[in-house]
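Two complexes come next, and they have one chain in common, subunit A, joined by subunit B in the first and subunit C in the second.
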Partner chain A sequence: MSGPWGVRGLSVRYGGRTALVDVSFEVAPRSVAAVVGGDGAGKTSLLRALAGTVQPTAGTVSRPDDRPIGYVSAGSGVWEDLTADENLDFAGRAYGLGAGRLRSRKAALLERTELAAAHDRLAGQLSGGMRQKLALAMALLHEPELLVLDEPTTGVDPVSRVELWRLVAGAAAGGAAVALATTYLDEAERAATVLVLDQGRALLTGTPDEVLAAVPGRVLEAPARPGGIPAWRRGARWRAWSPDGSPLPGATEVAPDLEDAVVVAQLARELGRAA
Partner chain B sequence: MSGDALAVAAGATRRFGELLAVDHVDLEVDAGEVVGLIGANGSGKTTLIRLLLGLLPPTAGRVRLFGEPPSRRTRARLGYLPQSLGLYEDLTVAENLAFSTAAFGVHDAALEGDLAAVRGVLVRDLPLGLRRRVAFALALGHHPALLVLDEPTSGVDPLQRARLWDTIRASAEGGAGVLVTTHHMSEAEQCDRLVVLASGRVAAEGTMDQVVDGTRAVEVRSGRWEEAFTALDAAGLPVSLVGRTLRVPGADPGAVGGLLADAGVDADLDEVPASFEEAFVVLARRAA
Partner chain C sequence: MWAMAMKELRQMRRDRRTLALMIVQPVVLLVVFGYAASFDVDRVRTVVVGPQAHAVAGQLPERLEVVETRADLGRQDAVEALRDGEAAVGVVTGAAGQQAQVLVDGADLFSARSVVSELRGRPELPDPEVLFNPDLKTSTIMVPGLMGVVLVFVGTIATALGVVRERQSGTLEQLAVMPFRPRDVLLGKLLPYLGVAAVDLAVIVAAGMLLFDVPFVGSPAVFALGALLFLFVTVGAGLLISSVSETQGQAIQLAFLTMLPQILLSGLIFPLQAMAAGVRWIGYLLPLTYFVQLARGVMVKGTPFEALLLPLGMLAVLGLTVLGLSIARFRRDLAPAAPRRHGAAEGAEEAVDAARTRAGAG
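The block that comes next holds the complex of A and B.
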């Protein structure tokens, strides 16, 4: 097992459209690295470049070159007209697994994903959460060193989400380097390292603790919208950002979470543009 | 039960053959409040919304919108934003607005700001964030007294999400009642009150703190977290990884310590408050 894997100084263009500009992202063995961002931020382009299905315009990509990686595309990429069994057989043959190894890996993964009872059902008839678990099982069949997962939990309910995270953590515990895209910051907080993308550029990067420690100025909380500084709602209360750290009457300082850190970084970028 | 609630389900029950999808659910949405309806797939969330919208009659119990049974008349006072957004992708933004305003008989709806700039663009050519804002503008265009929103901010970045919640909160402050269905932490925390559905019944309700209400998780720190994870996972515990720390919601610290000792793994254990999502999963498992 070697690594770490990842991309350095990566730029990707599709014709005239720029998808990524100078992005670096490291994925270490035995850990989960998360790429976060809204729709169109560049998450899929980054993961595809890492998986080798998109050619970088600039920058370098490192991934294991002797064995195939495990890859789950957004929207899962199972064959809906095949059964769970047939999907796994197909993936196993594509990875060149021998019959004996395929049989034992399949049995272990069907049990681990709690899909054993559904093994002869068409993938198209499985619930969203079960389909995602099947896609993950297919990507894990050959025990890849690098596992690349594009929004495996989008649209999946919380119970299935927890099960998917358990499978992902299990792969990391087994030694895999896992790169995972998500739109949910509470998920990203569980990763060992985080890269926040905004419009194709790195907005924040580091361990969740490093990202939080680097929030400039102070994040404040107030019962009503504070005047004069950027503010946003968190439930019935308001958060506000004091760029120079100066206090505000009626507001108290709070420890920011990743959601606050990203809002602050986006606001800072907007202010920078306006200036 | 107050007489002027905008939406009321009282003992609402819906069967599909053998399946009891919604089982004696009580729910109320008042003017000016944002209520979160939280549930996993198969919890009965979608069926309950269909009962409230009048798309399905209850098998038993009572559903009232603005004090009367759901009907075309009550629909005119309701704004609904489905997760799929419900836009016509082959029509422009302006054409979608014209269709919606004609259906609701309103005359003063206009597109503002950057939505005005894309009025001639086909909806299918818009990025998701803008599409979502068009759907918001349409759902709010007839100044509904009750808003029903299905995962209204999924897929957008935190700043856009904060701005969409500004719009939702402004509607509530203007007197509308808002019912949000979601299973995301970041949306649940924006609600005044949560109703958690599991297996067709109300499993918990109240503020986020009240729903978590004393649910604990065991935090496990170990230099050999991989082995700790493997041991706890093999025992069937709902273990999760946060950085290099493990968390086991709803578990007994003594039992966790015993399993780790049997596996010969040294670890520091702490009992900590569960997160909202962890509490939700513990509730859902208990109800199943």
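The block that comes next holds the complex of A and C.
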């Protein structure tokens, strides 16, 4: 089998707490699929179910069975009292790589992650960005068909974020299906498909263009907070949502981005509930 | 200051395990150990052998509780009964008019001391002959038992901390995704601890013999077998503790909670015979009880394998129980998701179609 992989009608409960309700998500080979949401939205539960470390309460999960997946958990999951080299050696042996292949893959990944100079440093002594790159290198070592990354860029400096994205994009270009959770909407815009979670339920799903095209009404921009209409701050200016598309004096219509789409979807859901 | 105290109280209330340890544990410990904390042995198991066995058995002091009277057996049989732990005192009678010999098991220190003190205070009774630990040295019987305590420390605490550290740092989840079978992870995780504990044991035995003149008269192979079984129990207990602990602090608390009863109720310090029956039965459920019997038996008395089947069997049963429970709990961490079925990808395609339809993508 070669994908696509994903979950269908997934629900996850921990004891009495519901983490996910009827969520579906697909990740195709050679692409990055992003799961977006705030804290507690259910991103980690979704990725854990996809990786097989959480038992779904309902729904089906599809992942490769002919080759192990690559997984980076929230918090990296590297062994901090092993060096970068030792971490990679352990992962290589765990995935059954032969000595020759392990040596060549390790050298290539240390080069690509720019960790070659730090190969003999303890993982616990690496910076946050370097540690995440090491975790990603471990997950890529065996060239998995499916790569599951739980917030690999959270808490990482902007330069390291760019480098991590370069590695993620490289893995997708190499044929992997990449499922990635992030709290950064600008990152999600680079993904082929996006799933926005809110309180354990799917709020939006599709390609970034599809999500933006589906924004109802109009998104407006104004220099000051407009009255009588839902509005939110964006930098020094204000964005507002006109559900019926009617204009607002002093405000101009703008093309919504993913952040606007998420805010509008949440507002629309609240309006629907109020009605 | 009050703000700080309120914050601490709130945190304490939410950490219910610590709160229970602080409030319930002292009460339980006081009650249990109150009944256990006694060095006074009132009844000492005694065998009486030799031609006058039946006549002498009825004249012995009340403290000597006769458990077997055999006129057809002799001194060697009495020595073996003491060696194998069947009795702590052996009375060997001779022909009519001849004074009986009293043999005392010096490895059963408190029984021996009470008997020696009683007999030496009564000139009409013979002077006892103390076997195995003739000088009634405390170190001779404490050191073999303390080896068990050290192994509990190494086996239980080190294993529990090692596994909890994996969980806390998120690497246990990483192991669950790697293509390991749960038993590979479990055995791979336990073997180094077993190895270190085995080295530890060898060092402690050597130190006990060199520094405290503790004898080693029995079979090293029987001792090694008992120690190995005991290590499985202690390492399994560590694994079990790790499976119910979220943090290393909780693991240490629980490990100490299992260690204290072992130290106080195993017969290591207070003799089991001196404990109230209910408390003594708690001792019979603890692995250190059997290791203490085994270590003292093999090292000090040269007790053979056949006579140690009970402690060896109990250690095996406890080891299987504790390891079985811990493996069952460990599997939940390492293989939580049911095996995926082939053909599930078709289901995923349908899922994606549904998702696309909802997003208006078609």
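Just a few scattered comments:
In this text, the second predicted complex is superposed on the first by the 274 of 275 C-alpha atoms of A that agree within 3 Å, B and C clash if a C-alpha of one lies under 4 Å from a C-alpha of the other, contacts with A are read in each partner's own complex, and residues count from 1 in each chain.
Everything below uses one rule, namely that contacts are C-beta pairs under 8 Å (C-beta built on N, C-alpha and C of every residue); 3 or more make two chains touch, one makes a residue touch a chain.
Just so we're clear, the structure is a prediction, and the values are computed from it rather than from any experiment.
By the document's definition of touching, of the two partners only subunit B reaches A:T183; subunit C does not.
Once the two complexes are overlaid on the shared chain, A:A34 sits clear of subunit B and of subunit C alike.
Of the two partner chains placed around the shared chain by superposition, neither subunit B nor subunit C is touched by A:L140.
In the superposition on chain A, A:L88 makes contact with neither subunit B nor subunit C.
After overlaying the two complexes on the shared chain, residue contacts for A:T207 are found with subunit B and with subunit C alike. Of the two partner chains, subunit C is the only one touched by A:F25; subunit B is not.
Judged by the touch definition given at the top, the superposed model places A:E259 against subunit B, while subunit C stays out of reach. Once the two complexes are overlaid on chain A, the subunit A residues touched by subunit B in the first and by subunit C in the second are 207. On the side of subunit B, the complex with subunit A involves touching residues 39-43, 127-129, 154-160, 162-163, 165-166, 169, 183-186, 189-192, 225-227, 229-230, 233, 238-244, 275, 277, 280-281, 284-285. Residue ranges of subunit C in contact with subunit A, taken from their complex: 169-171, 173-174, 176-180, 336-338, 340, 342, 344-345, 347-352, 354-356, 358-361. Residue ranges of subunit A in contact with subunit B, taken from their complex: 30-32, 37-41, 127-129, 154-155, 157-162, 165-166, 168-170, 172-175, 183-186, 189-192, 198, 207-208, 232-236, 259, 262-263, 266-267, 270. For subunit A in complex with subunit C, the touching residues are 1, 3-9, 24-26, 48-49, 51-56, 60-63, 65, 68-69, 71, 73-80, 91, 94-96, 195, 202, 204-207, 210-211, 213-214.
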